[in-house]
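Take a look at the structures listed below.
Look at the two complexes coming up: chain A is in both, with chain B in one and chain C in the other.
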Partner chain A sequence: MTAVVQATAPPTAPATTARRWRAALRRPMGLIGGGMLIIAVLTALAAPLLAPYDPYAPVRVSIQDIFQAPSGAHPLGTDDGGKDVLSSLIYGARVSLIVGFTAAAITTVVGGLIGIVAGYRGGRIGIGLMSITDFFLVIPEIALQIVIVAIAGQSLVNIILVIGLLGWATTARLVRSQTLSVRERKFVQRARAIGAGDAHILRRHVVPAVLPLMIANTVLVISLAILSESTLAFIGLGDPTVISWGQMLNFAFNRGAISAGAWWALIPPGLAIVWVVLGTTLLGTALEDALNPRLKRHHLEKDRSIAIPRSPAAPLARRAAGDPATVLAVRDLAIEFDSPSGPLRAVDGVSFDLRRGETLGLVGESGCGKTTTILGLLRLLPPGGRIVSGSVRYGDDDLLQLDPAEMREVRWSRLSLVFQGAMNALNPVRPVGDQVAEAIRVHERGIGRRGAARRAGEMLERVGIGRRRYGDYPHTYSGGMRQRAMIALALACRPDIVMADEPTTALDVMIQAQILELLAELGREMGMSVILVTHDLGVVAQTCDRVVVMYGGRVAEEADTARLFADPQHPYTQRLLASFPDLAHPGRRLQGIPGSPPRLDAMPSGCAFHPRCPFAFERCPAEVPPPFDLGDGRRASCFLVEQGAAARPSGPHLPEAPRG
Partner chain B sequence: MSGRGRYLLGKAAWALIVVFVVISFNFFLFRVLPGDPAKAGARDPRLSPQSIIALTERFGLDKPVFVNLEDGASPFDSQYFAYLGALSRGDLGMSYAFRDEPVADLLGEALVNTIWLILPAQVLSILLGTMLGLVAAWRRGTALDVVSLTFSLFLWSLPTFFLAILLLVFGSSYLDLPTAGKTTIGAQYASFWEELFDIGRHLAMPTLAFTLVLLGEYMLIMRSSVLDVFSEDYILTAKAKGLSTFRIIRDHAVRNAMLPMVTLIALNLAFTVSGAIQVEQVFSWPGIGDLTVEAISQRDYPVLQGAFILIAVAVVIANFVADIVYGWLDPRVTHA
Partner chain C sequence: MAEPVAVVRDVEVAFPGRRSLLDVVRLRPSPPIRAVDGVSFEVAAGQMLAIVGESGSGKTTTANLLLGLLPPSAGRVELDGRDIADLGRRDLARLRRSVQMIFQDPYESLNPRMRVADVVAEPLRVHRVLGSEAEVRDRVREALGEAGMTPVEAYLHRLPFELSGGQRQRVAIAAALALRPKLLVADEPVSMLDVSIRADILNLLRALADDHGIAVVMITHDLSTVAAYADRIAVMYLGRIVEQGDARSVLSDPQHPYTRALRSVVPVPDPAARRAPQVLTGEMPDPSRIPSGCRFHPRCPLAFDRCLVEDPALRRAGPDHAAACLLVEPPAEGDPGA
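What follows is the complex of A and B.
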């Protein structure tokens, strides 16, 4: 689903359950919460040893015993019945924790079972169970608790049952959605396809996947149960035969502690509840975070993506001495990502030029830094990503030296982007036309609401959507239309450069061709330069003037499209071409590239391609090959190229350029 | 029918079903559980003989419970249908404890007071909680975020009644605010404004307690909801379009982040009810919660029943309203 920034978070080993638990307890939140809970449990267990008096022993009370201020004999004073507050407080931990743990266990078992059955079975049973769950979600728990306890009797067992049996709906909902997602996963479907029984699938796949989340949820339910118990006790529905914190507060409050100024009878039990509830909440929240680390990206965090020394009045003029036909000149761009094991290089010394009006293909397997590069050009790296060196010359400016306000001006009005997943790239709750008009209004002040809307309508018309759909929402558009809308959005401000990141992934082949044609046509018409990021060489052959091949965050080869296809120089390019079906030679066998692109945290030394290269020799792992200029704007970063044409591997198996 | 119409109709039907089930459940509950209050009530020594006769008649205690299967009798001549009939007339019976006052009147009066308490606190806490959550999410990981997160978790862990007690003591000893009731007993008011001011003084601390209790939760929900939105691709699009952070938040983040908030605010009404009961008890605020607690200690079952139905129906209606708001905020739900 999140296709736009796929090449960003460095891949790391999958976390095991045990590792996640340790991770949760390493967080300050989990550590503090766990510690608080352990202290409470130990206190409850050791109550007879810790408490100076037995609060359950009958006492003879005389007036002067009541609400005694703290003293040596009673460190926390006495309560309305002349009992030692500290002892009651210590014993009260038992009731709170017993209710909390047992009620949470009931909730988890009932909610878990209902959730798993509803999620796994689906169908009529699932719908029925979910209706019951929705019903219980709506009914205010406290009202039911009060009514049932008031009628059935105020025993501890009733209180536990009521709290436990009424709180399961939330758990059931959570477990159901988790079960549903497990059920749809490939390995479960495969297991089912080869005839695995329900019991087997549940035991081996569903339960292990659901359990960690359930445990984290249980911890949070404990805190809710403890709060519920104290609330019931405070409003007079506690078990009169046991001592609980809520009840202590009830008695103290209703029997004159405030007028007697007996803060010691009120504050300690209140704080005790806070202690246990806060402890469980912290622990549960930390567990949930560790199990469900969903919030990695944050697009509005303070921009820390530039780590290049500022050089206000600097080398631009000198650099700008280049070709006036060049609209964008990228030099030595290097981008790093933070990781637990230190910064990782995702893009390393990338340089290329984009000429006015040309279409440049940026090619390579996934994870080679293509997307990161173009996001870097717009300074839109995700958190943890940083441009550490390089320059991006556009006109007289180095984009990497602009201040944020200037950069905002440049974005979209000069350089725009067509994102990969147009479904998620458009805001689902705003009409598509509005989103196009918004871009125009931001960059063309004074155009006015109606002017912008008119232009946006024209753009929609231009990409073949039609003004009629201006006010419709993205979810009413088909996949192809959404991508067209995205193109309309990208071209709305008539930028000089449009960068398209795999614009046709997830579309069917016919639509793919239409979209690419549309992009190329509009690009030509409006005199724009296009950077097309793709791993589809067919697309490159059809639409690109020149190609930059990337591997392991570096440029492997750069050449005109025709030449690249006719005579690839870098072994990686050769392999890439060999793995691509060639319509001119339909009988040829396709050859995949053995191995997979390197992970950022395991980047090979020297030339990153050497472990997969059939021609690698001793120099390759030792040194990074620089780009060797082969004339006519052609470069390749391979030592074989340096050694001259004689040593150059030639490939009889390589396809000819499809368009000659 | 349009998608929106169908959506609303479906939600309305569901709300009606839930209300009906709640009403039936209420009947069932008060007759099945040990200590059957209907019969127990008829023996209640506090009631006058006339009341006992009236009670027997009202509950039809001499009639069958669900369906009358006797020959010649109407099948609807049963306790259950008598109950439904009474309910449809707004007749919730007579209170045991408050000397034969109709339960509906007691509840109506209390409901007005509870709304006085809940409404300002809800509005305040939603406004403050969403803003705080938004800022904390925007500034994730900064001192501001950590402080407001800790503050919210602490507020969340604080039992409502305990916070209320602390504020009660604080208000009466430092701000000279009254500790109980809605108005000063025996006060003579020169004008309506004076009376309003007196009520305001009584409301100040309960409202503050309630606001703080709700605030923590709303802040936590909003924060996580906004963080979800901030990770979405369309936020990156908005940024790429050159929008300022302020505009991105205003035009792209807030509405989307409010979607889960709407659902959760509605679901949270159960939590609100619980809070109202506690705050009202501590400040002796004459609302539904105070009445309920009073009814518990008096074993005043008709009042307890009536309060249960009122609370449940109010929450169901609030959820229905939330569904309407959701459908209006999110074009996707009314589509499919």
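What follows is the complex of A and C.
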């Protein structure tokens, strides 16, 4: 479920292929690797120009010519045959690179084809192909290479074929897994529903998605092929008619370079191999990092994300402290996310109170900052997120001033969270009951294993799962059951405050009703306060006491539920209500709000709603409307309600709005 | 009523279930999973039919039947008066053009690498219905215009990530419209969209039915979103239609206890209307273990002894209204409405 991420992270452009390539090459690793490889390729191409001698030319050698130390005539000395080492080195680049590139090309073609067929076809053919692949993965490659080259003959072509045909298995695995994941994507299903055949789907959807990864892999395979060739040549199985770096090492080693002290015959080819292998590996790794987003970090990370100056005697938010019924007082909370174009403000000056035992609805469209607000309260912001100002008073503490260890104490035991996607929040490899028991044990150390297990069992019973499913794993639970387990987990320590983030969004209406009923019941029973984050105004009307409507990271309106629905003050609230379906008036066609919710990177100036507001006037784009107090705990941030008594607009034809 | 575009008659879809080792030893076939079990309905041109049900009710399987992606195990699926089982490959491909699908998730259902113009042109290229590239371009513009993506020029070369969710769904609709379909099957077309955007998409689908005479089958779990838009509603439970009829009639006077419960749990955005929703306990059973008699009886608040043994067929409950419940009393002949 990506909705949380969408709602909290600033909308960044998913990298297109071209952008990713550029990103890979901008990294130092990619830049250095690419540079090293280009130097090697240029050297190989310009070998006749660069090399002082032609190593393939027959020479007559005398004993003095052998293993000559470096000199003006031979900058890297001479080898066992009296040949110039520098020239052999330069020409050797040709062989190494030819072997590397051709073998990698063979590997990519064979592995890519097998991977795509296995991944796309699946079924028996897929399983069969993957068994063959697995077989090739486990055989000791180098040993087989030696045997085959020894039998087939030591020609360059044989060497290339052997390296290429034995190395495809890794590529096949990679391509298959990528193909499998693309095949399951919705846009492929859509293409199939259109009536597209396999050829079309492969050409237009699968191959473009798989290709970048294959290319990155090919670069890595080049370095492996070069290493393999060097190894074969070094142990005497190279093509004796060509000069490669491995061959140079082999000759120098076997013909007395060490006893002659001729380091110059050994070290340069060694370094050349290292140079090319390092260059291709760096480039390949950089490409793979940029193109293969395998391990994305989870969006909830530990808190290291507070940019408020800390002082032991920080002035707490005392403004609301007078009311003992208030359990949580949020004041001027502001949260920013890092982005390439500078910090983006996702939550901007949000203030509200939560009273004991009440259910507060936090309502708004995606990207309005509601999820970010509650994650901020719990100090569980995603990476790149930062609280830049504000206070969150809970009891005598400001949660934003606590040190991380103190915060951990409070989190979950006093303030807990029911996540949106229950499956992602439960550990798939541990029984559900154990996870509930663990949450209890972490926060109540004295309770012991038995006690925690008993309480966890009671909790499962209470949420309607039943003790007998204590030992079952999350995947055996249905969606509704998982959400019940999530609630058991959140309430296990009897917290004061539960924040529920779209707890029923992915569930069917009947299950949704069950879950909401359960939450309300447990809230009453345990005297908890609940913050319910939702976009569903129906759910709010039926379950919440008070509502905070958010738009563009700010509070648009706050009121008790009855008043908000009966007499909405903010134009956004009015339009939102008009767009929501109501079974009590089934004939009423819905009215959408023109435009779309604002993106963090393009937040409108002044009142964020002004581009979509039918009543907007000159002041709206210029100034941010502060919350105007309308009495009875009711606030609206709109210039039209200024002075508390300004006549409420009755229709979109409102003539001159009040000025200044 | 206009000619029906799609007719589904007594259709069953059964998948082979998992065989236990014992079954294999005894050479017994696996117990079938009946995803769809005797479903009949039809949609006419310009009409919007909502198929409402929870997950596991068989509504998505029904959609795949209409798209010809799944052969029925029994019964007939007729598109444009022809049984799809009788069609050869080529005719089937031609017929498929006239049925297009709109998916739930506009974030996932567009290839992130393809530009808007290519997404909309894809069905045209797949079916090679237009001769020249110029014709394809014209049709793409036309379809985008019909889907409300105006000015068209501003969107042609965008990539999906540059569009909002509502705009993406409009692109998906434009791609479906490019082939001039007679039937649109929309699977939860608005459930992933923001509330403020949903209305626009629903209004667009309604306009396509009204102005272009397209038959629309909307598949959803949410009665409230279809209330103002559908002409007819079919409520599915465990592979069967348990209630079907004129939308007004089904919503204002639901006859089947399941429909009543489903209607009562939809939260109404009116705090004054707090009422006791009829929350059913438990969840819909697995389609491999369909209860005996009336399949709803284990969860039905009104079940009595006959429900355990008798499997009720749809009974007439009004002029255009039927429900599969033993408690439904057919109205007397000539009874105006029910």
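Note that the second predicted complex is superposed on the first by the 585 of 660 C-alpha atoms of A that agree within 3 Å, B and C clash if a C-alpha of one lies under 4 Å from a C-alpha of the other, contacts with A are read in each partner's own complex, and residues count from 1 in each chain.
Methods note: contacts are C-beta pairs under 8 Å (C-beta built on N, C-alpha and C of every residue); 3 or more make two chains touch, one makes a residue touch a chain.
Here the structure is a predicted model, which is why all the values come from computation and not from measurement.
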Superposition on chain A - do chain B and chain C clash or fit: fit
Contacts of A:F580 with chain B and chain C, given as first, second, both or neither: second
Touched partner set for A:A602, first chain B, second chain C, both or neither: neither
Contacts of A:R408 with chain B and chain C, given as first, second, both or neither: first
Contacts of A:L227 with chain B and chain C, given as first, second, both or neither: first
First (chain B), second (chain C), both or neither touched by A:A57: neither
Spatial angle chain C-chain A-chain B, Cα centroids [nearest 10 degrees]: 110
Contacts of A:L380 with chain B and chain C, given as first, second, both or neither: first
Which of chain B and chain C A:Y473 touches, first, second, both or neither: first
Nearest-approach distance, in Å, of chain C Cα atoms to those of chain B in the combined model: 8
Intersection of the chain A residues that touch chain B with those that touch chain C: 2
Interface residues, chain B side, partner chain A - complex: 14, 18, 21-22, 29-30, 33-35, 37, 138, 140-141, 153-154, 156-162, 165-166, 168-169, 224, 227-228, 230-245, 247-249, 251-253, 255-256, 259, 267, 269-270, 273-274, 277-278, 281-282, 292-293, 296-297, 299, 301, 304-305, 307-308, 311-312, 315-316, 319, 329-332, 335
Complex contacts: residues of chain A adjacent to chain B: 2-5, 134-135, 137-144, 146-148, 150-153, 223, 227, 230-231, 234-237, 246, 249, 253, 258, 263, 266, 270, 273-274, 277-278, 281-282, 285, 294-301, 378, 380, 408-413, 416-417, 419, 421, 424-430, 438-439, 442-443, 473, 475-476, 489
Touching residues (chain side chain C, partner chain A) in the complex: 54-55, 67, 69, 93, 96-97, 100-101, 103, 105, 107-114, 122-123, 125-127, 159, 161-162, 164-167, 172, 175, 179, 194-200, 202-203, 206, 221-225, 227-229, 247-248, 251-252, 261-263, 265-274, 277, 279-281, 283
Chain C-touching residues of chain A, taken from the complex the two chains share: 2, 6, 13-14, 16-17, 185-187, 189-197, 200, 204-205, 208-209, 365-366, 478-480, 508-514, 516-517, 535-543, 561-562, 565-566, 575-577, 579-584, 586-593, 596-597
